[in-house]
Amino acid sequence: MTGGRGLLVHAMLALGAALFLLPVWLVFCAATQDVGAINRGEIALLPRRDGLSIFGDVLFGSGPAGADRPVWPMLALSFAMALAIAAGKIVVSVLSAYAVAFFRFPLRMVCFWVIFATLMLPVEVRIIPTFEVVAGLGLINSFGGLVVPLLASATATLLFRQAFLAVPDELMEAARMDGAGPWRFLTDILIPTSAANIAALFVILFVYGWNQYLWPLLVATHPAQETIVVGIVKMIGTESATEWNRVMAAAMLALLPPVLVVLAMQRWFVKGLTDGEK
Amino acid sequence: MSERRTIFPGWRLPLLLLAPQLLLTALFFLWPAAGAIEASLMRGDPFGLSARFVGLDNFTELFTDPLYLAAVGRTLLFCGAVSLLSLGLALVLAVLADSAIRGRAFYRTALIWPYAVAPVIAAVVWILLLHPQIGALPPLLSRLGIVWDYRLDGTQAMITVILASAWKQVSYNFIFFLAGLQSIPAAIVEAARMDGAGPLRRFWTILFPLLAPTTGFLVTVNIAYSAFETFGTIEALTQGGPAQATQTLVVKVYRDGVVNLDLGASSAQSVVLMAGVMLLTLLQFRLLRRRGDAI
Amino acid sequence: MNRRHLLAGAAALTAAAALPAAFAAPARAQDRPVVTFWHAMSGPLGEEVKKVCDAFNAAQSAVTVAPVFKGTYGETMTAAIAAFRAGQAPHLVQVFEVGTGSMLGAGPAVRQVWQLAQETGIAFDPAAYMPAVRSYYSLPDGSMAAMPFNSSTPVMWLNADLFERAGLDPAAPPATWQEVAAAADALKTKASAKVAMTTAWPTWVMMENFGALHDLPYATKANGFEGLDAELVFNAPPYVAQIQRLLDMAKAGTFTYGGRGAAGDQIFPVGETGLSFNSSAVRAAFSRDAKFRFAAALLPYDPSVRASPNNSIIGGASLWTMTAPRRTPAEYKAVADFLKFISQPDSDARWSKATGYVPVTLAGAGLSLAQGYYARTPGADIAIRQLNRGAVTENSKGLRLGRLPEIRTIIEEEFEAALQGRQGAQAALDSAVARGNKVLREFEKSMRG
């Protein structure tokens, strides 16, 4: 790569990164300001060192106002929920995409269409009928009620189906020559070759689960079942003296687990690359 | 639609594999959807105490409401702009971050993790940036002679919600484009380079066609995202205003259902949206099939 | 309907059994029955709700009231309705004032306060509550439907520093709209205030309260109190003149539109706004954030419409008792006990002082006064004085219209289109009335099944 072009690439990437980092940096700085700064329209470009203790306080101490408890249990619940949603969705979608892509059976396309065409509407716009169904199943106020209705995912199924369709026919023929059955083909060949996609999807789904708001708010009615996003929204009021610094601090803390997931999963992206070069 | 040439025999195993997803779909989509269809044919109070069958009344009212029809056009514009913007930016960034430059791991991380920003906070950030009185950008814009007030200027309001919605989706698209680019064997790109193809030519003749499945998937997802999952952002920034300049279909469903508690009208709109989604996917599959892409 | 009841019954049966151990409510010290109380109070206000409940829980040993935050007012109401449909309604839910019309149509889903009193034998005397507050939540015959909880009323906030710079006396705030317009002009020209005047909650302040202050009907049938067939009439000349005034001021640069709902809140604490119309309950937030001197003043009126202004109307929310299958008389009694508790003068006064809402009982206000609160906090009594101005009339006791939040949005939409210069004041209000009436007819039809 020539120097000039390299520089241009760096400049554009840096600009792109700044476009996304800057707002988050603003949130970080806002967290360390005094409580009324945001309402006064003061935008800080640098954090205040003596304001950094707020993170510890929000995490373990008195927590954000309105929650009267530290946020770490909320983080733990959100983590469990996001993990369960991401893992559950991936398992369910890999299985169904595998079935649709690698088998011929009666009503195959009907099944695919039912899955695909029906899951686009977010839960928010069909919230009351969905709530009635979940209540009918006795899942209100349970971890299952929090997770299970969010498990079905058309996008994940669609993605895996496409990834599977792109798998060379030779790969499968070779596997069958070796006497591999459908299960072994799935676990030994298909899943490893789709590592990059699974990793990408895990990141997406984890964040999806992590950022759920309206559903957890509706389905869980005990304070101990509060996810971090519900906790954060609770701190923001319309007719109250919102403590924006604490809200921002909680928001930054809420950012950490998904970021850690991204970092952990990035290894698998790279692995997807090296596998692809074989 | 392309199919695999090689398949496994049998039909019991695939149905077993599909069972969890079909069960979830039936329980948490088909059943509620049936509920929505039922509610769309009824008029009743929100508590479900009295409900009367009114036939297609709710639909007639919807389609004779000029404001609803205006919202349809507005939604198309909004979806197109958001999808184009977020896909284009993400693709450029992904191609750049995929090139062999130093520090690419850093750039990748920097471009992926903002995806984790919760929608609520994203809205606050945009208010901090764009608010006419307390925002960081309006003073700069006024130096350029632009009077910035998205609460009264419909076009500016639309730009605001498009930017905020697209911004949230770039990281998502970036992740998939990057994953897509990485699954393209390096040998192919290398061969083109040997043939003397420049970077732009390499992109359009090799990378872009090979990315078609990813792009096809992302187009669907982005249209669905911009059409259905942006109401939180819009609600936080403009509440659909000024006048109805940023009222998209899903904002209206959400407002009529969750805020105004008009379940009949809101269900009718949900049903229309569902039909729209099906039509859209059908159309898209047709288009892609005609182009012969493997979707 | 049958399917729904079956579903609800099944839900109630299995709900208790379905709680996994790890997710079940933590064991309480005492094994007291729980009264669930869903509310929409976030941030510091949520803390205060919890304190009220804690105080009640400490004062008696029969039950535990458990407050649960359920999102915004709209989300809380939706959650309560969804829960009711599934047979799992909370005992108590906080409903914003504009949801009152819908809740009154909820029939067997709720126990109105007078019914609760009858069933439990715990009496509530309507005369104990502030007239402008109680009237909003009462039936035409005076019996109370919901329990007043957090009430506020719009007042005029002024930036004293900017006022002085403009050569105005903050101690003698403008009392009429004519004086307000002149003051805004001075604020812009002499104090070069970036925002001379703005408002939060445009419909609530500039339309609903304008009507109440000037004893103008907002809708027929006594603002809807006397029938579901009420028609909106806020396109009458005085309302049009008020909107025209705002349009003129916007054109002259002395009125800045701050957005719908609470959005106007975002501007005042910055310190570049001279006059801001907002809820009386934002005092705590302003005190904490503002780095300038500010004061509250009575809402201005237009002497050419009415010689002396009437009381303003309230905003905020009330508590509704909800029903669920197999809810016992003992549970309703516990709810009544709690409602009685929060109506006690000391509880009411404490809540009011901590939150900035007005006391909802006369005795609560009296106690605050006796404790010297209003002497120590000048201006904190503005809201009470304003709510007690004049005598409550048919036009000033509040609005009893279904789907009022939607009508508010319609007015704001039409107002915005007028501010954009796309229509005049009369056309805006005509259009809002026409669209609003359509909503009212829909609501009427839905209530009649």
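Going by the order they are written in, the chains are A, B and C; count residues from 1 in each one.
Assume contacts are C-beta pairs under 8 Å (C-beta built on N, C-alpha and C of every residue); 3 or more make two chains touch, one makes a residue touch a chain.
Please read these numbers as outputs of a predicted model, since none were measured by experiment.
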| item | value |
| --- | --- |
| Identity of the chain that, by mean CA position, is farthest from chain B | C |
| Selected interface, A-B versus B-C, where C-beta contact pairs are more numerous | A-B |
| Centroid spacing, where centroids are CA-atom means, of chain B and chain C in whole angstrom | 36 |
| Whole-Å gap separating chain A and chain B, where each centre is the average of the chain's CA atoms | 16 |
| Multi-partner residues of chain A (at least 2 other chains) | 40-41, 127-128, 132, 137, 233, 236 |
| For chain C, residues contacting two or more additional chains | 4, 75, 78, 81, 85, 261, 266, 270 |
| Multi-chain contact residues (two or more partners), chain B | 131, 133-134, 257-258 |
| Chain A contact footprint on chain B (complex, rising order) | 2-8, 10-11, 13-15, 17-18, 20-22, 24-25, 27-33, 35-36, 39, 89, 92-93, 96-97, 99-101, 103, 105, 107-122, 124-126, 128-129, 131, 133-134, 136, 167, 170-172, 175-176, 178-179, 182-187, 199, 213-214, 216-217, 220-221, 224, 228-229, 231-232, 250, 253-254, 257-258, 263, 266, 270, 273-274, 277-278, 281, 294-295 |
| Sites on chain A touched by chain B in the complex | 1, 5-6, 9-10, 12-14, 16-17, 19-21, 23-24, 26-27, 30, 38, 40-41, 43, 91-93, 95-96, 98-106, 108, 111, 114-130, 132-134, 137, 148-149, 151-152, 155, 157-159, 162-163, 165-166, 169, 172-173, 176, 182, 185, 196-197, 199-200, 203-204, 207, 210-211, 213, 229, 232-233, 236, 247-248, 251, 254-255, 258-259, 262-263, 266, 269-270, 272-273, 276-277 |
| Touching residues on chain B, where the partner in the complex is chain C | 43-52, 127, 131, 133-134, 151-154, 239-244, 255, 257-262, 264-265 |
| Footprint of chain B on chain C - complex, ascending | 1, 4, 74-75, 77-78, 81, 84-85, 102, 105-109, 194-195, 256-261, 263, 266-267, 270, 272, 403, 405-406, 409, 412-414, 416-417, 419-420, 422, 442, 445-449 |
| Residue ranges of chain A in contact with chain C within the complex | 35-36, 39-41, 65-68, 127-128, 131-132, 135-144, 214, 217-218, 221-225, 230, 233-243 |
